[in-house]
Each structure stands twice: as C-alpha cells, then as structure tokens.
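First chain A sits with chain B, and in the next complex the same chain sits with chain C.
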Partner chain A sequence: MTDNTAIAFATAIAQGSLRVVDLTFTLSPDMPVIVLPPEFGQSSPVRIQQISRYDENGPGWYWNNITVGEHTGTHFDAPVHWYTGKDLPNNAVDTLPVEHMIAPACVIDCSAQAAADPDFLLTRAFVEDWEKSHGRILAGHWVLLRTDWSKLGPRDFANLREDGAHTPGPDSNVMEWLVNERDILGFGTETIGTDAGQGSHFAPPHPAHHFLHGAGRYGLQCLRNLDQLPPTGAILITTPLKILNGSGSPLRVLGVAPS
Partner chain B sequence: MTDNTAIAFATAIAQGSLRVVDLTFTLSPDMPVIVLPPEFGQSSPVRIQQISRYDENGPGWYWNNITVGEHTGTHFDAPVHWYTGKDLPNNAVDTLPVEHMIAPACVIDCSAQAAADPDFLLTRAFVEDWEKSHGRILAGHWVLLRTDWSKLGPRDFANLREDGAHTPGPDSNVMEWLVNERDILGFGTETIGTDAGQGSHFAPPHPAHHFLHGAGRYGLQCLRNLDQLPPTGAILITTPLKILNGSGSPLRVLGVAPS
Partner chain C sequence: MVEPLQKPGRKNPLDRTRQQALPPAGRSRKGQLLTLAAAQGRFALQCCSECGLFCYPARDACPNCLSADLPLTDAPNGGTIVSETTVRVPTDVYFRERASWRIGIVKLDCGPEMVAHLHADCYDGERVRMSLQLDKSGQAVAFARPTEKTPNQADDRQWREMTATPKFRRALVTNGRTALGQAVAAALKAAGAEVYVGLADPWKPFPGEETLKRDHHVVPLDVADERSVQELAADLGGKIDILVNSTEHVRPGGLLDRRVTNAVKDEMDQHHFGFVHLAQAFGPAMRARGADGVNSAAAWVNVFSVYALANWAPFGTNSAAQAAALSLSHCLRGELRLGGVRVVNLFTGPLDTEWFQTVPPPKLAPKAVASAIVAALENGTEDVFVGDVAEDVRQRLLANPKALERDLNQRIS
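Take a look at the complex of A and B:
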C-alpha cells in the first residue's frame, strides 16, 4: 500500500517504536468541575444515564445518554470561550482548523515547585531557563505545564479555600510573552483551569484565557500523565467534539512520543 | 528538537505535504439520531444549553452544557455496546488500547451502487474485486464503506419507511470474513449504523455489530467526506471520549492522507 509519512507514523505506533500516552481523566460523576461564584451560571456535573443494558429496554445492546459541560474533565478551550476571542474567525470547536489538532508539544516540569507551593506561578525567567536546556520553544507548539497536580485526590486537586482555589499556573507576563514572542499554539495544564487558582486577581484577570484566546490560541485543562512525556519530541492529538458553535469540549488527549 | 516519526508526521501536516480531512458531522439539535422500535429505550436528541455568553451569567465567558447519546452523530462503537462483546477485556471506550486510536484505513467506494439501490449490500465478492485493484486488506486496518450517503438531506439520510430504514450496509458473510480472514480493526459507514437499515432481518441480526464487537473490533458511523480519502494510504484518528464504561462516544474523526 502507499508509503507516506502518515502510514509511517501509524506503523511506528503498531510496531512500538512510538508510544501513545493517554493524557485524559475518565469522565465520571466523580470528576471535579469548576465552581464559579454563586452569582454566575454553573457547569453541569457529569451525568451518565443508562438507556439499556442487554435488558427489556434493549435486549442485545448497552448504551447511555451523557450530559457534560463543555469545560468538564480533560477538555479543550476554543477562542470563543473568552470575550477577548469572541469576534475572531473560526473561533469555535466546530470551525477551528483541523490541522491544529495535531501538533508538537513542549513539557515544562514544575512539579517540584508546585509541590512546595500550591500558588506557584510560571514566569518568563523560568521558561527562558528551560529553553537553555531544551532549546527555544518553536512557533505552533503546545506548551504544557507539568505540575503532577493530576496525581492529587479530588479535594487537594480542587484545593478550594475561603478565598478561592489555590492551584499553580502562569503569571500574566509569561502568557503574553509565550503568545507574542514564541507564537505558541496553546497552553495546557493538569489543573481545572489554564489559569492559576488565584488568577481572577491578576492583571488582566485570568491572563492565560485573556492572552491565549484573544490571539486565537487554545487551552487544555485537567491533563494527566504529563510525567510520561519527554520535554520535547512528543506530539499531541487534540480533537474536540464538533459542537455547533461550541466554546470548548471534553476530549481524549493523546500524546505520542518515541519509545 | 528531537527528530522522530511523530514530529515528522506533525511537520508534514504543518507544511502541507499531508492533508487533514474532517470526517465529522457537526453536533447540533438537527442531527438525526437512530430511532428504535417504541418498546425500547431511545437515545437523547442533541441538546445544547447555554450557561453564559458574556452576560450577567458570566460577563467574560461563553459556555454550554451538552447532552448527547453515546451513539449520536459521528460516533464510535466499542465492543461492550453489543451483547456479543459484553464479556471481553478492555471492551469500553475508557479501557480500550489507545494504540488502536491511530490506524490506517481502506476506503471501498460503493457510491454508485448505493445511489442505484438504497438497500445495496456489500459482499465478499465486491471486496475481493476491490482487492484486485488496491491490494489485500491488511490486519489492523479500518475498512470504510463510502456510499456518499452523508451528502443526502436529513430525510433521505434516515430513509425511514413503514418497514424500517432503507440504507446500505454489509451483508452477514462479508462481515464475518473481514473480521476472521482480514483481521480488520473496525468498520465504518456514512449511515446511522454500521449495519444496513434492514439489518435486523439478517442472520445473525445486525451482523456488523454481531461479528465486529464479538471479536473486540470497533464501529464508526455517520462519517462524511470519505470521497476525500484515497482507497489506501490514509490513516484515521479516532479518539472516543473516556466515558466511564462507555459503550461508544460521539467523536471528532480525522483522516490524514498525502496531499
């Protein structure tokens, strides 16, 4: 059959010279979802409603209906999610370029820093230091923030206190710089948001959302198994559901890297 | 950065020597869903419920909750969907091997036959004839039935008559042969089911479901744009949502082929 780079890629996976890493949490009613201040609309919890299971409702088949928020579990943020991206072309999950759904990734390990300080903030200096070891972040790459946050239990994962969530994320300056000076495709985290838990107090508020989506870039949240990816050399497959004018989507995120 | 087959694949897409084809219908309330006899449980229609849109429910953000059936729109069937696959290991969308989510595809063009006869059935003889031109179908490949059915309007797409749906699909013999003699990964169609509209009257009933899922193989339905894929040389990316014990999932299906 035809010999080409796509077939070579699939063959390398089948033969084991590339490995596939599932970066996705299981979608279940136990999955923590973001909680906003009570004056705002809230995301639905995950609901799985059985239609039949080899029974009188369907003797030969098992299936369910599901309800989720677009920003539930491991999920993708499209530019239209944020007011800064609301007037961009092709800004929703059904219209964004499908070529963007397959792209290389840089993984920045901040796990030690996040373990020491739940409010750890990624800075430009931190990334520039990472680049000294791993090379300059290239245009069109994902930047993934490894914090090992996905290994925490549900309560520590959300880490809600009286004054809101305390989880690591990027500061405002590094997000503007990654978008404008590194031309990244998007930014991904292991936490519930691309922004730090205290990001509503930053200037501008929620700088990851602000700068990424205002420039037509993407977000990924609730990633896991980032410790199984190399700092460079992996690609991400990120295929959101084609929801009509969808602002985001739960999705299966795969990383593919050399074995 | 690291040079490997995964990076080569992403680079070929970014540079345009590979093209990405979106094989997915938009998920919207207009999407036809399968209708079962009234004594059985039914799939939910697609519902998209707005939470906020830069308004008093969320001044800076737009998002929705969505409800879908696991078998709604362009979707994936896992072995646990059918009673023949219910006791297999790793038979649900959250447990199946992620390596299977990237695999080559053979596209069999039956569009002329389906246009002439909505009850057209794919046979072993038809596939053996296809193999004379395109080579033997290799183990681990998807087989996709191109019928151009996805180009029809909603009423002709479902094509419901008093005695049920009339849409093309495979006969029983070819499904058993593709699974056992060609060791395919799965079977995909442009219609609402992997089986023909009249497949409940076949022996065994619904032979695509019966043989595929009983052998741990997969189904894809409501595909579109199969006319943009070559007969061989494309790969499919099929990443179902990681629904807890899910029987299937709406998903974004991408084909990748030489430009």
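Take a look at the complex of A and C:
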C-alpha cells in the first residue's frame, strides 16, 4: 500500500500534511453575473426554488430545484465557449479529458496592484519578473491571477460604471504568450470573467477568451481564497458538471497544497 | 366636520388583530352593472333606450315603458338628500362594528331616489355629489359627498371604507430601478405614505439611485426570485398596506423572428412568476390585516400594459406575459377580497421609456401612471385606463374586438 501514490495522497490529506482549500463561492442569487447589453441574450441568474421542506409538499424531506447559467458563480469555461475554440475536438465540458481536471497551479499575486488600480493589467513583463522569483511556468499548469477581488462586496466586485466594468485582468500580449510560450492549461481569476472588465476594447477583444479557448485551454473565474495557495506547488481539482455539449459549468474548485 | 386623520401609533402586540367582516355582498346580475361603473369610477345607471328614463335599483325592464333595453349609461351625479338616518345598532356584523353609521335617501337630479352612505359633512336637505363606490365586499354602493371642498374631506370614516388612501399607510413599490418605480414611489410619498422600494441586483448602478435611497427605504427584492420575495416578506410582510407591482420588463418581439425562448421566459419570470411570488409571500399577511386600524392593509396595485387585453404583435410575447399576470390578478382579487383588500389594475399604453424608443407618440410619462395610481387609491377605483392609447384600446375592444386584433397584428416592424 505504501507505494500506492493515490493512497499516499489521500493519507496526506487525512493526516493534514496536505491541506484542501475551497476556492469556490457559494452558489447564490446574490453573486453578480456577467452583464451584457440588454439586447443580447442574458445568462440566467442563480435561482433556488424549494420543492419541499418537511411540509405538505414532502413531509419528510427537503429539496430544491435550481436554475443556473453555465457561467454563473465560480465556473469553468470550456473551449467551445468562444468562437475561436468552436471547431476543436473535445472542446465541451462533457468531452474534455478528465486528466485535465487535476493539474498544478501557479498563483501570481497582483493584489497590491489591483487594490491600487481596478484596471490593472497583467503583462508579460510582470509574469517574467514573477518567474525570476518562482521559476518558469511549466507546461500544463494553471495560471491563477490573485487580485483579492473576491474579498470585495458585490458592487465593488462588479464595479460597473457608465463605460462598463472596471476589474483587473490580463492584457492581450500576455495571454498569447502564456498560451503559446508557456503552454498553460488554463487561466483563472477572482473576477467575473477571465478577461479584464474593459477587455472588449482590447485587440483582439476579450484576449483571454480568444487565446485560451482558441488553443483548447480553459478558464476559471469567480475564484476565491487564492491568498491561501502558495505561488507554486499546489494542485487544482476542477470537475465541471458533465453537461451535454456544455460551454462551461458552475463547479466546486479545490486547491490542494502542502501544509 | 371631519377631524383630521391622526398618524397611528405602534400597535399593542398583546392585542389580537381584528379580522375583516364584510358588508352584504349579494347583488343581482343586473345589479353588477353598477359594480362595473364603480370599478371604473363612473357614476352610471341603467337608462331606458326607448323612453330615456334613468332607473334605480337595477331592473330587467323599464318601469315606465317595459322596454328590456336598459344599458348602463353615465348619469349626472347631482342630487339632494331628502332624508337621513343614523343607524346605531345594526344587526349586520360589518356595520355593527362600525356603528354608528349614517345613511340617507338622495333624490337624484336624473330622477331616481337612491339609498346612499353619507359623508359626515352631508346633511338632510343639502345638495350632494353622488358616486358609485366599491365597498369592502367589492360590490357597488352609492355614496354622497359634499359638493364643495370641506376640511379633511378624505379623512371621513365612512369614506375611508370605500378607498385605500396612501395617507399614513406603508407601501411597497416592487421596482425602484425604473423611471416608473421611482415616479410611483415619489407620488405615494407625496400622498402621505411611507414607501419601501424593492431593488434587484443592487450591485448594478442606475439613474436616480441617490434620490431613491435618500427619499425611501430601499430593500432587496428580485420578484423573479422566489427566495428573495419570501425573505423580504419575512421582514415586511406584516407591515405592507399597499403593494404596487410596478414590474416592467419589456422586450420587443413576436414569435417567429426570435429563435430562442430565453427572452420570452424572462418576461414570464418577471411578470407572471414575479406576480405569483409576490402574491404567495405578501398576500396572506395582507388578507389578514384588512381591518387593522388606520394603517390596515388596503390595496394591491398592478401596472399592466393594455395589451394584456389584446395582443400587440410587435411586443407579442410581452403582451402574453401581461395577459398571464392579468388573469392572476382576477384570482388574487377574489382571494384578497375576503380580507377587504382591493386589487387595482391600471392599464397603460406604451410608456415613454427606453424600450419603446421607436414607438411613435402618444407615449405615457411614468409620472402620469404614478398620479393615476394615487388617484385610484384615493377614489377607490379598481380598473383604470391611463392615457389615450389605453382608453382607445378599451373602447375598441367594446366596439369590435376582431377589428382591434387585425389592427394590432397587421404590421410587425
């Protein structure tokens, strides 16, 4: 048994040498959902409707019906979500390789920069500087952008102004570079999307979506507790619901890191 | 002489909340013609098409010429009190609880004599202004008020049984994000109400936000979310005396040019299910508080598109959502009536708001709808057509519904 690494992994968790960090927001109607111009189709917000609660509709049991969009709450973006990934094989949440659902993660701390500037943009130079301290980002890793944005209240979290949302994210150049030069598995943020709030004005628009999904990579958004992960050495467990041809899914994201 | 209404103090929590007794509700089928007039705030009686005689009480044939052609006809509302009575110990529970109660016989200028409820400032031999009102049973009764303005006229005890005045009442307006919701909140406050305004997605900024938060109690409310409505009702359900369902979720489009049902579902979520959620969460407490003193539960107000009555194809699915909610309002009306709470439906043409941008005038200012709501509450009406478009649709529905249907769906822009 001792040379069984799967058992060793579980034992390490049970004994506390590995700790499990919940990186997920509670799925609730209070969580902001992406806002599009109202003439476009809109994501359903989270709805929780009670079927029964030990009452006349079910005397001994409590249960709910829920309504969610594929992109509500803490959620996963599959390549088919964006037009750039529409023709890739295995590009939906029901077909993506399950091996990708457990993968190591690098956490880049930009919380000070984001606190100073809600429009902070992650650049290639910033990441290269990070690599000098923490080592080169290896292929198949998640890159997570820690901004502490998840600690804000709903209004500051969405930060909508007359010219749109103002939230931090990556610039176009760094996304292309991370995908092509670092071969990352995916990119995750604490904000409402993988792209910056003003990302529709970038070239190309929404560069994180554009480059990630065009190369068959993934997105994670509305993450939290990234401050509890080390810069390197943690793994993420990301198992989206197996929705038929789903473009994404709310999910429970777990980080596992040495204690 | 009517004493001015005093703002009620806090209730004694040891006292039982009195239940609503109802006045006698029996009316003949013909008598319901007067209910129709009262619901719309008209003073109308049967008038013989053959000999021109105004008739009261309601009849099947003209007492003068025996013609059966006695259509409801607007009548002059002047009259003179020829006798008055103060009933001190009525046998009916509703009136016994409210004794003493003044009634009188009024000789109408148009002919008949009517038994009417008397305003406190109306006396034997005086001229009066007559109206048909809906009593707590939802049936038409005659009411005599002074012809001139008198001090605190609307505060008269008997008159208040016929109305749902906002004064000193607590109102909930369901949607503070829209120009309509903001106008309604302001109008109710100006009429003396304490106003709670619901706000969905409070993290989304909107025009008028600062004023709204300064002037009213802004509370979290997403009518499409059952839990949100239930949670607000858990806090406020026992305090809301007037609920204004000002939900307004308009999206253009008929059936064939939209390939997904999402937008259609959103309209039903807001208008139909929003109504269901509000009714199930707030309705029971309102029904239980119809006789709860000066600030009793009094009215539930719906703002509907007049196209709830006849589908307007360019906004076809919205019309359907409105029709669904209108149907529910009739169900609710029957259920709330047991508690003496009235359901007021306003029908509007297109509002002068963003989603009707390309619709040519006349369009209705949100303030006009707000004023109409306050007027309906103060006058005790039940079905109100606000503005020219709504009135036009009402008349054309009466004249030839098929022609209206053709007109409303012949061109889809």
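Please note the rule applied: the second predicted complex is superposed on the first by the 256 of 259 C-alpha atoms of A that agree within 3 Å, B and C clash if a C-alpha of one lies under 4 Å from a C-alpha of the other, contacts with A are read in each partner's own complex, and residues count from 1 in each chain.
Basically, a residue touches a chain if its C-beta (ideal position, glycine included) is under 8 Å from a C-beta of that chain, and two chains touch if they have at least 3 such contacts.
Remember, predicted model here, so these are calculated numbers, not experimental data.
Legend: residue contacts after superposition of the two complexes on their common chain; A:69 is shown touching chain B, with no touch to chain C.
By the document's definition of touching, of the two partners only chain B reaches A:7; chain C does not. Judged by the touch definition given at the top, the superposed model places A:41 against both chain B and chain C. Of the two partner chains, chain C is the only one that A:154 touches; chain B does not reach it. Of the two partner chains placed by the overlay, neither chain B nor chain C lies in contact with A:182.
Put simply, more of the residues of chain A are touched by B, taking chain B and chain C as the two choices. Overlap of the chain B and chain C interfaces on chain A: residues 41-42, 48-49. Across the complex, chain A meets chain C through its residues 29, 32, 35, 38, 41-42, 45, 47-50, 153-155, 157-158, 160-161.
Interface residues of chain B facing chain A in the complex, by the touch rule stated above, are 1-2, 4-10, 12-14, 17-18, 20-22, 24-28, 36, 40-44, 48-49, 51-52, 54, 57-71, 73-74, 80-83, 86, 94, 98-99, 101-104, 134-135, 138, 140, 205-206, 209, 230, 232-235, 237, 239-244, 246-248, 250-254, 256-258.
Listing the residues of chain C that touch chain A in their complex gives 201-205, 222, 224-228, 251, 260, 262-263, 266.
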